[in-house]
Amino acid sequence: MLTKKQKTFNWILAVVLLLLSVFFLFPVIWMLANSFKPDAAITADMNSIAAFIPPALNGNYFENYITILTDTNFLRYMLNTLGYAALLIVLGVIVNGLAGYALAKINFPFRDQWLLIIMMLLIVPTETVITIHFLIIAKAGLLNTVIGYVLPMIVNPFNIFLFRQVFVSLPDDVYEAAQLDFCSPVKYFFTMVLPMSKTVVATVSVFTFLGVWNDYLWPSLVFTSSDLLTAQIGLNSITSNDNTTMGQTLAVITLITIPVIIIYALFSKQIVEGVTSTGSKEG
Amino acid sequence: VSLTGCQKKEVKPGDVAGYDEGEQYLSIWVHSIEDTLEGQVYRESVDSFNEKYNGKYFADIEFIPRNDSGGGYSDKVNSSVLSGGLPDVLTLDGPNVAAYAENGIIQPLADLTEEERGEYLESILEQGTYDDKLYALGVMESSVGLYYNKDILEEAGIEVPDADHPWTRTEFMDILAKLKPIMDEKKGYPIDMTFPVGEASIYYYAPFIWANGGNLVSDDGMTVDGYFNSEKNVEVMNYFHQIVENKYMSEAPIENLFESGRAAFKFDGAWEVNTIYENYPDVNLGVAPYVVGDDWDGERYTPTGSWAFAASSETDNIEGATELVKWMSGVESGVRIWNEAKSLPSTYKAFDQIDIFQTDENYKALYEQLSKYGHPRPKTPVYPQVSTSFQQALESVGLGGKDAQTELDKSVERINAKLERYTRE
Amino acid sequence: MKKKESILGMAFFGPALVLLTLFLFLPMVLTLVFSFTDYFALNPDMTHFVGLENYINIFKDELFVKSFFNTVKFVIIIVPCQCIGALVLALAINKVTHCKKYFKVAFFIPVVMSLAVVSTLWMDIYSPEGILNTLLAHFGISAQPFIHSAKQALPSIAIMSVWQGVGYQMIIFLGGLQNINPALYEAAEMDHASGWQKFKDITLPELKPLCVFVFITVTIGAFRMLVQPMVMTGGGPDHSTYTLVYDIYETGTMNWEMGLASTMAIVFTIFVVILTIIQNVLTKGKEEKKHVNKKAKNI
Amino acid sequence: MSFIEFKHIGKKYAGAEHKSVDDFNLNIEEKEFIAFVGPSGCGKSTTLRMIAGFEEITEGDLYIDGKRVNETAPRDRGIAMVFQNYALYPHMTVEKNIGYGLKNMKMPADQIKKKVDWAIDILGLQEFRYRKPKNLSGGQRQRVALGRAIVKNQKVFLMDEPLSNLDAKLRVSMRTEISKLHREMGATTIYVTHDQVEAMTMADRIVIMKEGVIQQVGKPMELYDHPVNKFVAGFIGSPQMNFFDVTLKGNEVTFEDGNKLMLPEAILKKLNGKEGEMTLGIRGEDLKMDGQNLELYKENKMKAVITDTEVMGNENNLYFQFGGCQAVARVSKYEISQVGDEIEFVFMPSKIHFFDKETEMNYL
Amino acid sequence: MSFIEFKHIGKKYAGAEHKSVDDFNLNIEEKEFIAFVGPSGCGKSTTLRMIAGFEEITEGDLYIDGKRVNETAPRDRGIAMVFQNYALYPHMTVEKNIGYGLKNMKMPADQIKKKVDWAIDILGLQEFRYRKPKNLSGGQRQRVALGRAIVKNQKVFLMDEPLSNLDAKLRVSMRTEISKLHREMGATTIYVTHDQVEAMTMADRIVIMKEGVIQQVGKPMELYDHPVNKFVAGFIGSPQMNFFDVTLKGNEVTFEDGNKLMLPEAILKKLNGKEGEMTLGIRGEDLKMDGQNLELYKENKMKAVITDTEVMGNENNLYFQFGGCQAVARVSKYEISQVGDEIEFVFMPSKIHFFDKETEMNYL
């Protein structure tokens, strides 16, 4: 029940948050607004409020975007990246999910020790091991292949840990019931465990997507064929090109950011829930 | 620890479109993706090479992306050194020639005829030579101009000298002093300059060292003590600090200071000319000769250097590789790189074939400065350390106002630690 | 029956284990091995075993020590700001009755943007004539150099980093808050608890396990700081924003000193592991102590 | 004026189609023990939470001790509440849980201790004093929740299904405990339950609700013996009251299967000439088959064959087909019958109810 | 040979101090309906889970249909089980939940449909067919769990407290439903419950356990009327049997408060000369206060004052002090008494039990 005092408080809170959210949003707004402008206009607007306002609708409103999408292979790169993300999400959910499930529910030798090790592995910075990843992939003759790109990224201690935390709380009796319903363990994992843990699957998927989408270093090492490149590489080569205008740069960045925001907005509820089930069971 | 072992890709005729029976296969890596203008130039050059040498050679190009902070391409080269699998020809940044050569990643090119050598700008040959052997040839050259705003200098009544009679440091400091009040009025600074992190600092400002009769490393690249921290270098460092102290430049970088008419001078790469022409037509641009030391006697000193092609030590076809390097860096490729990517070419003929270097005074000035006074960056296997040390010293002395001698001595210590590897035996 | 279960467990864990071995254990072991050598990327054949020399050298290396302390500084600024900031945001969003969904997305947006992009945008914000200084000028504050001064660069980057990451932890806390049984607040209301007491006696204890989780992830994140200084300041000015991971990266990739870089990586990892363990022991220890007290009282 | 007064209280949840509580009128006297019963979703909890102040009252006025409290904050209403799921503070010990409210009321520490000791003593929680809720069994938690409420000496005591999670045995003992506490403390108590046995045994008056509307308010036996409508009759009592579709003509009741029953004058009088189709209701224990009653009402003797029995130990339920439906009789363990036995039984005439077919109201 | 045979079955959990189930011997015939009852933690679920194969049997042998199954996987034991908490598949509709086992048995789709339709029909789940478990009420979920078990036509049917989460009303109706299903399907059924009413009304035989050990096995009324020890006597029946500490000398029983009771020959004979201190037990409904019985046993008439009453509708419980303890009598609603009334009552001599003070065994 809300008393009057609480209602006023709520309004004040909303206003404060609104102001604060502007502070979190303004780079995006700035980016979005300016991505529709020619460079001269960007420079002109630079230090005024106009920097956050898109130009009036006119004929060359989308010129930056058109240039990017027609003059470069950026669209192709985005599609590539989406494809890799999809592949990695599927493989990652299966591999990390299975491992997380084993760590949560199946009694096998040294299970608890493995869990501890996985937690320790969270600390290892990718930057320090990436050279060796490259060596392995090169040795295996998998450079410039999708498999070579995907292979080292599949397993992820953080995701294993996340999965475990959620699976631990799955009721055992459902597994028992399924056994009496003649369900094999593998089948149980795919038809029961994953569907029952949709939220964490969504969480892991979005994090995987973010990782793939924003990764630069690894794809730049593995891929040489432009058919296979990713969006971040495209972004980088477009922006580092001296002939690229500021507006075009912003257009690319916008293109690269929007899908992520959309995906997050769609799954934010699941992520909230997925993340919760993880942390809260930790203690 | 031996993870090494030859993993060189076996490619058979027919595997790649265009590679026919009887041709010699040559792989080549470039540091740019195909999508960029630069990448397209390389693609075209390789295609024309394959056409020209059809039946003899087949060059297969791979594009390896590189990001701003240097990751990507260099990681890949480093890892390939370990895993094997370097191509026959690869690109490398000019200052790295020494390190790559010293460590046996690249091998000397097959001998070039005098005529062939003569085509290249001296700075290019100089850059590609280590230990008296020619390792690398670039298709691009670069230069830094001391740009000025004609309108402002006119207003201040300052005359700009010609390339053979540049301002000395003292003269230049006086000019800056003279400009100071004028620029204050415009809410600007006499000069638009920074000491940026990364390669740019040594690239832009080492010429002050050379033009002062100083040096950063010994000729063989193996000694820094007495060079890097010489008294002459201390002078230069202090000079920069004075500029900062007198507020002739902004301590923190301001975007587009020069472009918006709020600075009389600016140091920037050759591409700046094009940028100003295209985007800031209001700026009345001129190129002044680089500033020299007070005792300068005409030696080479201006910034040069860019990415170049070299034959990897893993190639067993040095003849073919040399052919490819020559082609990739040749006149035709040079013209193309200018036309497409607006990078300066590396051969005299190429410059001759491009009108603008004859007709436009600014481009002409840059070309003249390059061909007459171009000086490559230090040739030493520990170049990266030298470069960062220089930048750091410049930053802490110039901006931080620390004691120049101490800072340079510290740098020497740090560089020596790296040199140890080469001087050990 | 037991044996069957073991086999099943290994079958499930197997794929991950293979990949872990290949892409995490092997690299770690190699890193450890490299750390005792003078392995040079451009010339792997010339590698020598050098014993502890690298370990001694890096601790003599002023830059390494500096980067170490810079990293610690980052951690000290970022961890409390980000944890508390996230908690405050989550509390506010949980409470607010209007536009909840919008807020959830708005504060998370910096998280989804790539670090490189965000860093570039913030360079403009921090630039001498950028938005921030323009804003300060309105309040009569003179222009600040921010990332261009050795004093301000580190805090500036830390703040940007908090700004970028706080949304992630906020989401975690938000989930935790929504998990708290609302009846507890009603019970507390019956028990005449004030707003602050409710927060102290219900919200905080209920969120405690989450706080630990958040604390660890933020700490590890802060320790791994690399891209922000790399893009924004290149570690400068005067190395004031040069971090451990940055040093590792430069030493290994730019200077080709893989042996040294490996040593740094090992030292770094050990340091973080020790910190994590200490932190775990501290929180666990407290609980155990309580346990003992309780038992004592029972007797 | 009564202690708690509901005046046309109504509640409609935002977004809900129907009112969850509708035109609720009730006066509760000081120190009364009132039970709210009704099927799941009938609005019991909602009403309770409106009293406590956790739900906004969307219609009508609520008075406690003469003051209108619609807008009063929960803490200022002078209420103690036992929550359905305990809502114990998970990180506080039993002792702290119980004393928390007192501490917040700024009571001096030594007084708090006295109070808490008293509650812990009454509830037999001595050995759990320093445990946290998660280390307690359901029954113990329940007692802590009670303890938290009783120490505060409030004038109104609300309990929302406080025994629903206990097993039968514990439930019985807690029932006695709560009754005793109520007698000792004398707080006005409102007790929500779906278990009619609890309501019957503990409450001074019972409020039966259905779909947000009060059906009947009265003393337990009043509801049992004189339900105002078929819903109340069916809801109270286990096994359920037997209902038969019958036709009444004169003093003759005809069942669907043709059996006939003659009504005595007393009932006919109460029926006041009503005739035609109606529903006859009678409880299982009012179908008598002992010799004494068979003799007494022999003109109305009925016959049936037992189809099922439920042996409960102390009593048995006998199921049989009669009057077109399944009927159940409840007999003492001394009257033993088997499936297949033919039995004779009579209707205790004074215990027969007649309900209108449409309105389901009790005619009597 | 019986259908299910337990031979010295024992279970000790890893790390536990005591055995949770100890030397468990029992033969269950085909189609029997057996109930396991006992207080919380006595090992009921553990036993059931050993039958299903979810817990390892640490001692002894278990035979189902003549085959030793100690090492057989759960799925191969021919068992259907209703789990205490339903264990429904949360992401599947009711229909899918019920049909899942059949699908895994590779039954053709049309046959599955038929089976599922049949179960849904029986259980009255038609309108919930396409709902997911979280949108069902407790009772509906319960029925789905049942449905999942019955479609599979297994020979053994295990149920672990399947009604514990339902309200009283639903519980009664589900009881009947399960009994009916058992009769129709004829599967051997083992039913775990802590609710003795369920056990009494549904089971052919009841197994009473305490701390992992079987106390008594027998027909419901056998247990009720002839409990082998004080534990069984006290556990079965509600309210609990009255226990009095008495001294027996000759045919004279002396209560602690000096009241005396004369025993008839029949009982003395059974007591076989035992004398001295012992515990006398008698159920509430065997304390009679109706005229007939008072007349019959008038030489043993006792007096007491009612201290408390519980009105249950159909019956009343009267509490009073007698023989040094609180005693309860259970009387029909036709015998009305108030707190403070003095009552006279008699012990039904044939219903008196005597227990050894030490071993707690029933002497009779």
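Should a chain be cited, it is by its letter among A, B, C, D and E, assigned in written order, with residues numbered from 1 in that chain.
Throughout what follows, a residue touches a chain if its C-beta (ideal position, glycine included) is under 8 Å from a C-beta of that chain, and two chains touch if they have at least 3 such contacts.
Only a predicted model underlies this, so the values are computations on that prediction, with no experimental measurement involved.
For chain E, the chain with the farthest CA centroid is B. Summarising the inter-chain contacts, the pair of chains with the most C-beta pairs in contact is A-C. Rounded to a whole number, the gap between the C-alpha centres of chain A and chain D is 55 angstrom.
One finds 38 Å separating the Cα centroids of chain A and chain B.
Computed from the mean C-alpha positions, the centre of chain A lies at a distance of 18 Å from the centre of chain C. For chain B, residues touching at least two other chains, in rising order: 3, 68, 71, 75, 78-79, 82. For chain C, the set of residues touching two or more other chains reads 129, 208, 253, 258. By the touch criterion given at the top, residues 10-11, 13-14, 16-18, 20-21, 23-25, 27-28, 30-31, 47, 51, 94-96, 98-99, 101-103, 106-109, 111, 114, 118, 120-125, 127-129, 131-133, 136, 151-152, 154-155, 157, 160, 185, 189, 210, 213-214, 216, 232, 236, 253, 256-257, 260-261, 264-265, 268, 271-276, 278-283 of chain A touch chain C in their complex.
By the touch criterion given at the top, residues 181, 183-184, 186-194, 197, 201-202, 205-206, 208, 294, 297-298 of chain C touch chain D in their complex.
Looking at the complex, you find that chain B touches chain C at residues 1-4, 68-71, 74-75, 78-79, 81-82, 99-100, 103-105, 196-198, 250-255, 384-385, 388, 392, 395-396, 399-400, 414, 417-418, 421. Residues 39-40, 43, 72-73, 130-131, 134-135, 138-139, 141, 143-144, 216-217, 219-221, 223-226, 229, 233-234, 236-238, 240-243 of chain A are the ones that touch chain B when the two sit in their complex.
Here chain A touches chain E in the complex through residues 171, 173-174, 176-183, 187, 192, 195-196, 198, going by the rule given at the top.
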